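One chain, chain A, appears in both complexes that follow, with chain B as partner in the first and chain C in the second.
What follows is the complex of A and B.
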């Protein structure tokens, strides 16, 4: 068992790939935004890559351990300490009952992941332990963890001293600039040629008004194709309005002139067009980007996006770990 | 003794509670322990930046609306 001493900022239990199969009923997959770092944390402690762990956002939690175990911390650098002694990232570490693990504010990246040998044993809801706080589903009580809560943990068999080689870790940017892959569509044909070219050649700034539901971007004005302007009235009054339709995960959803990337806890449908879609293999970059950082989008084919996902999956296997 | 107020988390720094209101503090104002001197916005929420020592707010080192990293110096207190 692990006690939450300080909760941090919206620290939540997530598993991977999350709550799959209920999108048609409005349930998003949830799960970790940077699933690359998350899976690496799990394999470091001997878990299946998708076992439930903690996602820490911007400000990490403080945890009190009531049992001996093995933990690993990956992703953003929140300067973790164990009883005040600095802990390395990307490495499995032995923790004894009575010790306190504390994470601070994110210095590099935005989201850190804590895996515990065995994995967190909160109840499954619709096939997943992931927290989806808008519906109050998953986690301990449907929401982010709170001080005083106790997390149950399955029995595990972790080994301390395993390391993820640097070449297999995601490269978290230090220059505040990210190149993010996108696939065209489903509604790229509602944007005119100049608008498509502008989207792919402009800087887009990540707004602080971004969270696990949507990532809001600031950038140039959009221009539209004829079909967005002259259309039946039932589509709505704005060029970016369309008769309500399903949204893909990762959709770059155009609300008037404001693009919002719909991420892990995002909506499944609505009445705005989605000219481009960020593939799941690029979500780790969104999860590690901070407000004010700059995105440039690079168009890839669906096949290339699937290859990216396969390449990440192939890295996140125990056989790739090295011993200290 | 001169001290510094550091950003508690990464985000966007604001000197006023809302765009229509005056700043929390002007340079030269007295500050007491626990006084809010600004806000950092992240994940659709605003987090107060508070003075941990009393004194005089000598200078803001971050402009209104500027991006900050955790531990960036926001203001000098003397």
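What follows is the complex of A and C.
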């Protein structure tokens, strides 16, 4: 059992790939935004890559351990300490009953992940332990963890002293600029050639009005193709309106003139076009970007995007870990 | 228009969007749901899930198992085997939901909006004006006269997008501008040509004029009638709103609060598109 001493800004239980199979009832998958770092944390402590762990956003929690176990912290650097002594990231560490693990504010990146040997044992809802805050589903009582709560943990068999080699970790940017891959479609043909060119060649600033449902971007105006302007009236009056349709996760959803990247807790459908889609392999970058940082988008083919996801998956296996 | 062939639009590394046409038309939704149903029955390895909407179907596939072109080929083949929409048969349940029309809670919500945000014609009266009806009683009669088709669920988990199956009950209304900051749970509303029920208190943009005491969403998954699901409805279900008095509303609400309310539902039947269309053809007094 693990006691939440301080909750941090928004610390939530997530598993991977999350709540899959309920998109037609309006449920998003939820799950960790940076699933690369998340999976690495799990394999470090001997768990399956998708076992339930903690996602810590911007400011991490303080946890009191009531049992001996092994933990690993990956992703953003929140300067973790164990009883006041600095802990390394990307490494499995033994923790004794009575010790206190404390994370601070993110120095680099935005989201840290804490895996505990065995994995968190909160009840599954619709096949997943992930937290979907907006609707109060999953996690503990449907929301981010709160001080005073106690998290149940399955029995685990972790080994301390395992390390993710540096070459296999995601490289969190220190210059506040990110190159994010996108695939064209489904509605790229609603944007004119100048608009497509402008999207791919402009700086886009990540707005502070972003959360696990959507990442708002600030940048230049969009211009539209004929198709967006002359259309049956049931599409709606704005050029970016379309008859309500299903949204892919990662969609760059154009609400009027504001692009919003629909992320893990995003809506399943709606009436705006999605000219581009961020593929799964680039989600870790979204998870580690802070508001105010700059995105540039680079178009890749569907096949390239699938190869990238495969490459990340191949890295997140226990055989790649080394011992101290 | 209805496209001669469905259009396949790639959507990132694990989704493809299939469009059947570009208008709001029940036929297109039958095609989307028909394909969703065929995909479910075929249980194709690598197809993870689908989500039908008014005129399209989003398909989530596993690129470890299927390439984009293999996915499109498989779905294209299934879509072709469905044939014309007339031949589609869909599993559908029919729910009877008590509804208090012209209820005090939606009226109070609209009055609050007028006082705090923007003056507007009250929602029931606006619907009467927009659709050339004889008054709010006519609105209630007409709205409660049809079964409603659950075209899709989204925006909020379990929130149904509904279209009346009786073409004479088709009403349209503009959406709120700006949107409301709140809507009572269970409010029944209409925006554009779509109807909906608000599963929980949320912001909203539809014109609201009735309320049901029956919960359609349950985060705990323990309510009677939900069979462990968190949402009452699935795409392809039908709903009939049964007008009730305030006393009846209060009685149902009391049963709901004690978790002893039994939802009235006719379990799965076949909805046959051909029979539905034949019925529509014979209707007298169709509204344009």
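What to note about this one:
Please note the rule applied: the second predicted complex is superposed on the first by the 324 of 324 C-alpha atoms of A that agree within 3 Å, B and C clash if a C-alpha of one lies under 4 Å from a C-alpha of the other, contacts with A are read in each partner's own complex, and residues count from 1 in each chain.
The definition used in the following text is that contacts are C-beta pairs under 8 Å (C-beta built on N, C-alpha and C of every residue); 3 or more make two chains touch, one makes a residue touch a chain.
All figures in this text were calculated on a predicted structure; none of them were measured in a lab.
By the document's definition of touching, of the two partners only chain B reaches A:291; chain C does not.
By the document's definition of touching, of the two partners only chain C reaches A:235; chain B does not. The wider contact with chain A, measured as residues touched, comes from C rather than the other of chain B and chain C. In the superposed model, A:243 makes contact with chain C only, not with chain B. When the two complexes are overlaid on their common chain A, residue A:24 makes contact with chain C while staying clear of chain B.
In the superposition on chain A, A:9 makes contact with chain B only, while chain C stays out of contact range.
Of the two partner chains placed around the shared chain by superposition, chain B is the only one that A:105 touches, whereas chain C remains out of contact.
Using the contact criterion defined above for the overlaid structures, shared-chain residue A:161 touches neither chain B nor chain C, since it reaches no partner. Once chain A of one complex is fitted onto chain A of the other, the partner contacts of A:136 are limited to chain C, with no touch recorded for chain B. The intersection of chain A residues touching chain B with those touching chain C, taken from the two complexes, is empty.
Chain contact summary for the complex, chain A toward chain B: residues 9-10, 57-59, 104-107, 110, 208-211, 290-293. Of all residues in chain C, only 1, 9-15, 17, 19, 22-24, 36, 48-58, 60, 63-64, 67-68, 152-159, 161, 192-194, 200, 219, 221, 229-231, 234-235 touch chain A in the complex they form. On chain B, the positions that touch chain A within their shared complex are 7-12, 41-45, 67, 69-71.
On the chain A side of its complex with chain C, the touching residues are 20-27, 125-126, 135-137, 142, 183-187, 231-232, 234-236, 243-251, 267-270, 274, 277-281, 302-303, 305-306, 308-310.
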